[in-house]
Structures are given as structure tokens and as C-alpha cells.
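There are structures below to look over.
Across the two complexes that follow, chain A remains constant while its partner is chain B and subsequently chain C.
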Partner chain A sequence: MFNYTFHWNQALKALPQMLDGALVTLQIALLSMIIGMAIAIALTLFRLSGNRLLGGFATAWVEVARNTPALFQIYMAHFGLGNFGIHLSPFVALLVGIAFNNAGYLAENFRGALKAIPETQTRAGRSLGMTSLQAFRLIVMPQMLRVAFLPATNQMVWAILMTSLGVTVGMNTDLAGVTQELNARSFRTFEFFAIAAVIYYVIAKAVTLAARVFAARMFRY
Partner chain B sequence: MFNTALSWSDLAFLAQGAGMTLAVTAVSVAAGTVLGILFGVIRFQVGPYWAAPLTFVLDVFRSVPLLIQLVLGNALQAIMKLGWAPFTTSCVVLSLYTAAYCTEIVRGGIDSVPTNTRRAARSLGMSWFQDMRYIVAPLAVRVSLPSWIGLTLGVMKDSALVLWLGLIELLRASQILVTRLQEPLFILLICGAIYFIISLPIARLGGYLEKRWSPND
Partner chain C sequence: MIEIENVRKSFGSLEVLKGINLTVAKGEVVTIIGGSGSGKSTLLTCINGLEPIDSGRIKIDGTEVHARSTDLNKLRQKVGIVFQQWNAFPHLTVLENVMLAPRKVLGLSQEKAEEIAVKQLTHVGLAEKLAVYPNRMSGGQQQRMAIARALAMSPTYMLFDEVTSALDPMLVGEVLDTLRMLASEGMTMICVTHEMKFAREVSDRVAFFHQGVMAEIAPPEQLFDAPQNAETKKFLAATH
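For the complex of A and B:
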């Protein structure tokens, strides 16, 4: 069945390079998550504000982010923005695409989390003399982030997996990009990508585990 | 004021791409659902201990980027000299990917059926299969259907990645047009609109069913 010799040695020799790529992958995922989280909180505020225009903007963002492929969003950042004379490097385009996607999904998570927080708490805050922004920042948001923490962890794993799409816009420093470059040089596709798959798996599991430990520490009472 | 080199035949080309996207999605979701139901029932039936190998394998499919899975699948079929077309390879990989998620959904659905209800069915003399068919299936479907619709949409969007294997689906078709016409924004917007038009009604249906069928509402 297998008339093929595996050359694992060659692939293992490239392991340090691939691990460097994995660091870039983590970096992009983390950055996109932070940016996405900030935008998602803003979008949630827009939705709560009751302003038609802002609310519509937030809804449009969420619907587009959730109903088109992530790859499309990255293409949009890389090729589409070129129409306006904005030429993003693959790294930035990837970051923008994933952050856009994260913001949409996280905003939806936050909306679900908000349902778990009684309206009366906001009112109690307001009657204590807080402004509505203070009530949101000091009372609602901490609880919202807590409820949304687990879904956000899943989103983080998704972000890590999504970074692999950068290779389609010419990214060559993250894990998938490095692997693709090594593959183009040696044509040992299976070996290189199998090792990349293992690294992705380990990263995903490590992030999930770290989040669980963090949650157990932070959210106990 | 606004003119474009996009012609009707180009739009037909895009529509053909959308057809390919839908075909890949339909095959993968159908095969993935059948496999998912099978794996889900097995996982539930044999218990967490014996199902551990299966759980692990399915977990791998959920923790490795789909792009890498597609490349690996393609390399593997080449190594084994199966001579599969890109369409077949894409469908096989996407089916397994779908099955991995579907298993979780199915297991959750079966889990949600109260044990007492099932015991009652067995006490009435129903066989295991009858219990599954007439008691568990109708109750579990109600719980699982909204997330299954979500999964279908997810697979539809993820199927864009099969362009890496050289299959001309919607996104690849628009990329070809962008290369030829040099109007990236306009063509990508059309492409995005097509994705949006396909998925939004289904997403709305899922939301509606979730609201309609959620217990204690």
C-alpha cells in the first residue's frame, strides 16, 4: 500500500524554525484577541446605547463577521482595501481579518452573557449616582466578562487555528507559512505538515488548559 | 460614474463557484452527519472510558486547522496512490471534520434525554433500537437541531479553504476574476454578498427554532 519512504529526519531538523513560527502564530492570535475584545466591548456598548445608527452599525458588523468565511475577511483586508490605496502587509492583513472576525463572535457572546445579568443591577448602580457608563464599566462588564470567559477561550482557540489562513495571502513567518515554505523547498509535504499539525494541537490544548487553570483561580468563591 | 468590466458571463462563473461551494458543503454535511450520529451513539453507549480513543481522534480534528488537515489529506491520498480528485479529497476531509463536531452535538442531544424516560420505554418492552428510534431521537433532535444548523453554516464557510487544493469554489472564482479584472473590492463584495445571502436565512431559521423549541420558555 505504501510505496513511499518517510523522511522524518529532514522534517525534525526544521523543528526550531517551525517553533519560531509557532511563536508568531501565538503572537498574532493573542493580539487579534485583545483587539477583538476591545472592539467587541465597544460594539456591545453601541448595541446597548439605544442609538439607531450605532446599534445598526454593531449589528451589521456582527452579522457580516459571522456569516462570511474568515478567509474572505482576510482577503478583504489584503486585496479589498487595496482599492482605497491601503496596502497591508500579510501580517497586518491577517491580524485585521482575524480581529474583525473575533470582534463579531465575541460581541455575540457578550450579548448572550448580558442576558444573565439582571437589569435591576444597572438600575441600582444608576440610583447610587453612577453615570450609565460607570454602571456598565463597574457593575455589568466584570460580570459579563466572567460569564463570557469560557466562550472567549473557544474563540481564542479558533483564532489560533485561523492564523493558518495567513499562508493564502503570502504570510511566511507564522507556523503554517514556515511549513509551507519548507514544503516548497523539499516537497516532503506529509512530514512537514504532520509536525505542524502536532504543534497546532499542542498549542490549542495548552491554551485550553491554561484558561481552565486561570478560570479556577480567578472565578472561585 | 460607476463602470465595471464585470460581464454577465463573469457572474455566471461566480454562480458556478457558488454551486461548487454548495456541492462540497452538501456532500460533507450529509456524510459528516451520518458519521457523527454513528460516533455520537457509540460514544454515549460505551461510556467515556472505552470511547477515549475515539474522543481523542475526533478532538484532533477539532484542534488542527482545517487548512493543515486538507493538505495532509491530499498528501496522504497521494502517498497511498489513491488518485483521488481534489473534490473527493476535500469532501472526505470536510466530512471527517464535520463528523468531529457533529459527534459532540449528537452526544449532547442524547445526554439531554432524561434517563427515567428511557427506562420507562424499556420497561414497556421496547428494544434498545425502538427506544432510540421512538423516544430518544425525537427528543434529542429538538435539542440538537439549532446547533446542527450552526454547524452546517460553519462548514459552508470553512469550505472556502478547499481552494488550497485547487478546487474552484466561490472564493477562488472571485479571486480569479480579481486577477483578471483588477477590481478587488467590487468583486469581493459580490462574493461576500453571495455568502451572506446563502447563510443569513439559514442562520435566522436556526435562531427561530432555538427560540421556538427551547424548553421552559
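For the complex of A and C:
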């Protein structure tokens, strides 16, 4: 029925190259999370500010990021901005696209976490003589972090997987990019992509596991 | 001394406090009783400046609470308040709950704050619970912790807003005992409560609130046994 012969040896020889690619993948995912987190905090503050312009901007960001394909977001960062004369390298475009997506999801996550902390907690803090900033920093924020942590971990995993969309904008140094180039040269599609899939899987699982261990130590109540 | 002069307060079109006058002297225990929505909680949150007022004034040891120049964070260190529920900071242990404000607001050292916290927690009978998280404690224990947390700031005045009404009947006693102890130690307190027996026992004066008005205020024997106001009579008849 099948007359395909597996050539695992050839594929495995490329493993070091693929692992180098995996490092780039991790790097992009991590950077995109840091940038996304910073923007998400700003968007959350915008939405809390009561300013209609800032609030509207933040809401629009969240809506677009969460309700359009991630692929389009990355395309826009590369080809879309290119139309306006802003030329981002595949690496930067991929980073921008994923950070855009992360920021939207994380901002929504933060808003939910903030809602989950009852107003009475701030009151209790204020009534002990804390300033509103102290009450936020010492009472609300630590509780928010716990609520937001696991969804943020999921977003990190999602960011890792999203990096594979970089091949569509010419990214060739991350795991998907490296794999795609190896494939184009050898046509051992199944072998290369199977190995790449295992590497993605291991990274994603490792991140989830590390987050669980961290959460268990951090949030003990 | 807490001086409340002709305080009015509305939420939108609803006038919740309609000209309240009340003076509480040092060492005095005043309890406030009254029907739901009569403005009792609102008055307490106005006293420590958590809520603004529309007119009149509230003075604490001569400092006007709602004056622009008043440092509310400083003033609140003098006035402890314990609410009906949701008082505990769930992410901190019992000891950390009580130490937090002395450390961060008063700026005390770790050692000094811990010493004070342990002392206050022992005082309310929680010496064995220092390392426990609040969600591992009963509602009564959480309320006692909240009392210790307020006391750790060495307040001159304590406000209690129905601190037992969210508790199982079994647990009410231990919290009321803590309040009795404070009263006997001479703490100046305003307690909003539904516990009539407790009010009768600890109060120097009992105030009855009705629809935003302090309809009657008198020593407990008089208010409970010979109420003057028709609404007070109705309320007491309904609760007995």
C-alpha cells in the first residue's frame, strides 16, 4: 500500500541544526511575551482610565487580536506595513505579530483577573491607612497574578506554536523555518516535520510543567 | 472624640443620611441598631473617610475628616474598622496579614511589626494560627484576625460593622467575646450590630437608625426597656 521508505538517519543528522532553530523559536516566544505583557499592562490601564479615546483604542486592540487569525496579524506586520514603506525583517515582523496577539489576549486576561479581586480588598487596605497605590501593589496585584498566571502560561505555549507561522513571511532561522528549508532540499517531509513536532511538543510541555512547579511554590494559599 | 455634626449623604437621588448628629467620647461604646438600608454602614464608612459626605462635618480629635487638607491615610491609622466580611487578605498568612500595615504604613521594622502582630493575635486567641492562610480558618477566626489586624495599628477608635452577621451562629460568640474584651479594656468603639443582647451588655449608649435618621439614642436600659420613639418600639417588637 505504502511504498515510502523512511529515512530517519538523514533527518536525525539535521537534529543539531533543528535544535538551534528551536532556540530561536524560544527566543522569539519569550521576547514576544515580554513585549506583549508590557503592552497588555498599558492596555489594561487604558481601559481603566475612563478616558474614552484610550479605552476605545485598547478595546479595539483586544478585539482585533482575539478575533482575527494570527497568520493575518503576522502578514500585516510584514507585508501590510511594507505597503506603507515600513519594512520589517521576517524576525521582527514575526515578533511584532505575535506580540500584538499576546498583548490582546493578556490584556483580556488581566482584566478578568482584576475583576476577580473584590473591591472590598482595596477598601480593607485603605482602611488600614494604605495609599491607593500601596493597596494595589500589596493586596490586589499579588492576588491578580495568581489568577492571571495559568492563562498567561497558556499564551506562552500558544506563542511558541505561533512562531511556526513565520515561514509565511520568509523566516528561516526558527524551528519551523529550518525544518522547512531542510524539507525543501531533501523532500523527507514526514521525517523532518515529525521531529520538529516532537521538539515543539517537548518545549510546550516543559514550559507548562515549569509554570506549574513555579505556581505551586509562589501561590501557596 | 468623634464629633458628627449634621451629616448628610446621598447616593444619587437616594438620601441615605439625613442630618446625623452624634458625639462619641473617649472610652465610650456606642452601638447602632436599625433596619436594613437605614444608613448604618454608610455612616461608618463616612467616619473614616472611605465615603465622602455632602454636607455637615465629622471631626476626629478635632481634625475634620473630609477637609481637603486632611491626610486621610494618617487619620485612618487612628480609626480601625472591621467589616462584615471579606476582610482577610487571602494571599498572606495570618501573621503577614497583621504585620502588613505596621510594616508598610507605619514603617516599623520586621521584628517590631512581628512582635506587635504576635501580641495582637495572641490577644484575640489566634496565637496558634500565625503561619496559617486565612482560607484555612473559620469565619469567626477570620473576623478575630481582622480585629487583631486593625488593633496592630494602635488605633484610638474602632468601628465594627456587623462583624458577626455573616457567621454561623456557633461562631458568633467567640467574636462577640473579643469585642466585649475590647470594651472592658476601655477602647472607644462604634459597633453596628443586630445582636441586641450584646448591645445591651456592652453599650454606654445605643442609637437606633431609621431611614437615614437617628431616631433615638439612649443608654441601653432606657432604649430597650422604655423606648420613646414609635419606630424604635416597632423595630424592637419585631426583633424580639
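Here, the second predicted complex is superposed on the first by the 200 of 221 C-alpha atoms of A that agree within 3 Å, B and C clash if a C-alpha of one lies under 4 Å from a C-alpha of the other, contacts with A are read in each partner's own complex, and residues count from 1 in each chain.
Here is the rule we go by: contacts are C-beta pairs under 8 Å (C-beta built on N, C-alpha and C of every residue); 3 or more make two chains touch, one makes a residue touch a chain.
Note that this is a predicted model, so its numbers are computed, not measured.
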Fill in: Touched partner set for A:Asn83, first chain B, second chain C, both or neither
first
Fill in: Partner chain(s) touched by A:Thr68 [first = chain B, second = chain C, both, neither]
first
Worksheet item: Once the shared chain is lined up, is A:Ser164 touching chain B (first), chain C (second), both, or neither of them?
Response: first
Item to complete: Go through the superposed model and pick first if A:Ser127 touches only chain B, second if only chain C, both, or neither.
Response: second
Item to complete: Could you look at A:Leu138 and tell me whether it touches chain B, chain C, both or neither (first, second, both, neither)?
Response: second
Practice prompt. Mind working out whether A:Tyr4 is in touch with chain B, chain C, both or neither, as first, second, both or neither?
Written response: first
Worksheet item: Which partner, chain B or chain C, touches the larger number of chain A residues?
Response: B
Worksheet, complete the sentence: Contacts from chain B onto chain A in the complex sit at residues 60, 63-69, 71-72, 74-76, 78-81, 153, 157-158, 160-161, 163-164, 171, 175, 178, 183-186, 188-189, 191-192, 195-196, 199-200, 203
Fill in: Residues of chain C touching chain A in the complex
48, 50, 73-74, 76-77, 80-81, 83, 85-87, 89-92, 100-101, 104-106, 133-135, 146, 149-150, 153
Worksheet item: Given the complex with chain B, which residues does chain A contribute to the contact?
Response: 1-4, 63-64, 66-72, 75-76, 79-84, 157, 161-165, 167-168, 176, 179, 189-190, 193-194, 196-197, 200-201, 204-205
Worksheet item: Which chain A residues qualify as touching chain C in the complex?
Response: 118, 120-121, 123-131, 134, 138-139, 142-143, 146, 219-221
